[in-house]
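When the chains are written out, they are named A, B, C and D in that same order, and each has its own residue count from 1.
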């Protein structure tokens, strides 16, 4: 398959390292040669969606449970942050931290009853959860200000210097957060936790019989995913500065899911590239904007049909990276043996 | 290993986005909205050539796709009518007007992105109709404020909207103004027991709250009792529970606080149960579609609007004729507001003699223009002072009920 | 005393009695076979031993500890690991990752360690990786650790499943029809492999249809029929036991079915 | 609930009456979800938008002056085809693949749901369009309570539909095939059941039920619009799962429970909480009995 060929170009570690550096340089210097704030905002927005995709990737990609509740966790994080920030004058970073934790708690509360469910049961449960969160936001007026929403939400302030979209501050905050989230995803993926999730996706019963406590692992994954989504919500709120119950819609959850499917379940690079393309295309191809949800829908269908592992997901052919100090007799260090002959 | 794709995509995006911003203002011509701007540009090509200057560009941002598309489209129609009219009369300072339109899908993040796009485009000197829902408008408003670009909303209803900054204008009845009219209606239709059915939206909540305060203040003088308050959420089609509450409180008049498409559904379900009670609508219910949808069910209901398409006032007549000629449909209040906005900005530009964003803002507080809303001017908050007229739905059309409304003080005194 | 003692174990699904008061024991270092026609309840017994099903009656004592109706994790921790009649490998994971999952419970570090890559994380990961490598090399899969489980030939996948079970540091391995679908030479290889593991100190309880294998490998054999234990003893005794022969009429096509 | 509003037993009863009405609306949609699941063990997430498409087709034919009956029949054929096409073009290829797990099917269905819904928006516009109610015989007052005659029709039809579907599934050979497929596709195939045709038939049938539901619901509310399937669909799905998805009468009961509790929630807490009721109940039930009220538990196969 041609696509496969394109996607599996092997390049030496050194080249890819240089490429990575260049990429970093480009990303960091973006604000200095941008044609306008619009560009920065879109870039920040893409970053936020990348974080969201990475968060969903932990439940859906690693653990194989399709969740439509990501927007709800965003809402929890965003509201907690906004309430603390506007009504109790808590600064960005502490408020953001609390926002994450509350979102995590919400994840736990939803996770406990639903972790036994799978497939569409889980989808409907998470969809329902979003509806519940919306209703709470609408009715708990003393806290959330009901349908009037919360305005003038604060931006991060570092050493008395307010980080706005204009001065690129929000972009850099996003960049740092994204880096952190990428690290978290990577750290999980390459640990026994990540392996366990992967095993659960493959065969829950078998992993259970190998001694993996599948339920606790699933809940933990769900909680972490919720926390990250909550943090994305915080970023979103401090960027738009106004949130109301209708801000976080099921459409958002669908877009996030779409990014995960498109980028490739389990792949970290995939999430970022997925966000890049799927969020920027309605901006670039404005005439397509009307049809964007049709496009998102088609992407879901076509990916499932022709490349369920997504653009960059699925099996790689890199040798497995062994921890340092592991000895292999009858085997000279170097490229692994690929494919059984 | 696949990092190469990474950077490839990243660069692709960088390029694409830059080109995206570059073209998007003109690329509007790709979709419905701005093809109009294109053709009215061409329509006056000759005029433009003799006034050998590039046109003055104004932005329209509103939902052109999605659930609220028709509201955004109506506003755009109004803008286009005004632009054509002004250009036919030689434009502003001999320069043509040109409207660039953006779709915000009535979604906050898209609205903000569009706003940034407009702000960063130095050729655009003001936003002539900014967004539809308050919730969306309030995400973009701070951006206009910071960037120092005047933005007039034809529809925002959130009480605190215009207080966001001095660059933020609203050419729509403020909530207080709506209350003045809405509060008189039960008395006018002399009801004994009033029921309120309201959507749980920013407008709905603060409206009901404001209404209650007025009611509590004048309880003893009023001839009626506020018997029922019934709420529903956006997207509801089944009003049975609300209907039951109203009927149970045997109200003889109902104030319905939401857009016309909700009222249509409510009215149809309500009439099945109770054919008599008087339905009272707000301005957002004034829409020809209402009658097409609900037909018999809304016959005899009363409501008010800032625009009376059948009015003999020349300004209105002129606008309505042009609008009907161009789109062969009746304009609604949002179209009229958007139309007026363009005239306000045009007047400000004439006044200051420049297209400087800040100067336009300052001028907007001073100019007074005769347009569909009569003598239109903005007060210190940036809210327009507008007057509404009452309508009654009679055999399938909105019929004006002349001078039904009193000035507030007279009304209170008259109780 | 016995490593595994099963007494009066019973399980019924609705009306159907799948396992009826079965009792047997397995001693340290033995290879014991559990045979019987299809539907005799062999796999059900495995499921009861590993905690997939809850027993209605009876007791399971392993290594002196009561493990009846314990959670699957506790049972694995106690030292029982199993393979499956129809392979249940983690298909789109690499060979080594499959084995590492086996070692999951013995890889000890917290979320904090994995997020900040502490020394504890690194040593623990290195340790279990080394263990996995050793196991894989001991069974001749040293060159295939990078490959994906489902890309391996059938015979190898069988072995890999056993390796995964071994990685849990189990004392007792429950092998559910390890020779199913293998040709003669593969079976021979498997036989030696299992014997080798016995030498390495594993105790093995296996379900098998391939009489040839059973007779050559088992120290003792238990025969089940319709959920009841009908005979037990050395392979020889079993071979000439009339009840067994009777129960096994029609064994041939069972065998084919499983193949 | 706002203190002003007058309460009392009469209102409670009226709300319960309304609840039953709405309940049957949910039920008739829920049955569609159950039908597919009962046969194929697939949660057909796209059903909501198939329902929406059906409603729009009917309206299209009516505005083309076809008359109600031919319009509905033509729509049944068309929508049935859409539903079959969905299976043919998207689900069947997944079934043939080894990796054709629940997840891929699920996501495909979600995707198709979005495509259809937004196609409706593009083709017919996003606004609410009025729909003629031909099954309205005015409101009937019994003992001071208002019953909408359309409701009786809906109730009647849903019960009849339930009976017909049950008959098809339990009383005919095709139904026998369906159940065989549900039990074990391979075996059914060996036993000479034409699996492909059975599945196609099932999807066509669900298309038809979608149209019936669409017709009744749009007549009841006299409205048609692209997002009509969103809330209704997810609540109906919740009802189906609540009653034990795959069990038809379970779905109906689930719908009734949701409908009644919704209206009661309006009585006790006001309109604001209504939308969440369905899902709160659902989460509650799943917590206690993951298979739903009537669902049977399957034993883990090792």
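Here is the rule we use: contacts are C-beta pairs under 8 Å (C-beta built on N, C-alpha and C of every residue); 3 or more make two chains touch, one makes a residue touch a chain.
Given the structure is predicted, the values throughout are model-derived calculations rather than measurements.
J.: If you check the contacts of chain A and chain B, which chains show up for both?
T.: A chain counts here if it touches both chain A and chain B, which gives D.
J.: Mind having a look at which chain is the central one, using mean CA positions?
T.: A
J.: Based only on mean CA positions, could you tell me how far chain A sits from chain C in angstrom?
T.: That gives a centre separation of 40 Å.
J.: Taking each chain's centre as its mean C-alpha position, how far apart are chain B and chain D in Å?
T.: Comparing mean C-alpha positions, chain D is 37 Å from chain B.
J.: Please tell me the distance, in whole Å, between the geometric centres of chain A and chain D computed from their C-alpha atoms.
T.: Distance between chain centres, rounded to whole Å: 33 Å.
J.: Based only on mean CA positions, could you tell me how far chain C sits from chain D in angstrom?
T.: Roughly 47 Å, centre to centre.
J.: By residue number and range, which residues of chain A touch two or more other chains?
T.: 135, 138, 205, 290
J.: Among the residues of chain C, which ones contact at least 2 other chains?
T.: 52, 84
J.: Hey, what residues on chain D touch two or more of the other chains?
T.: Residues 230, 272, 275, 300, 302 of chain D each touch two or more of the other chains.
J.: Quick check: in the complex, which residue numbers of chain A touch chain D?
T.: 64, 66, 113-114, 116-121, 123-125, 127-129, 131-132, 134-136, 138-139, 205, 250, 254, 257, 261, 290-291, 293-294, 296-301, 303-305, 308
J.: Quick one: which bits of chain D touch chain A in the complex? Just the residue numbers, please.
T.: Residue list for chain D touching chain A: 43, 45, 90, 93-94, 99, 102-108, 110-115, 117-119, 122, 230, 234, 237-238, 241, 272-273, 275-276, 278-280, 282-283, 286-287, 290, 300, 302.
J.: Give the list of chain A residues in touch with chain B in this complex.
T.: 6-11, 15-16, 19-20, 22-23, 26-27, 30, 35-43, 45, 135, 138, 146-149, 151-152, 164-166, 236, 239-242, 244, 246-247, 269, 272-273, 276-277, 280, 283-284, 286-287, 289-290, 312, 316, 318
J.: Which bits of chain D are touching chain B when the two form their complex?
T.: 2, 4-6, 8, 10-11, 14-15, 18, 21-22, 25, 121, 125-130, 136, 138-139, 146, 148, 221-223, 227-228, 230-231, 262-263, 266-267, 270-272, 274-275
J.: Name, in rising order, each residue of chain B that touches chain A in their complex.
T.: Those residues of chain B that touch chain A are 1-7, 9-11, 13-14, 16-22, 24, 27-28, 30-31, 65, 103, 105, 108-109, 112-113, 116-117, 119-121, 135, 138-139, 142, 146-147, 158, 160, 164, 200-202, 204-206, 233-234.
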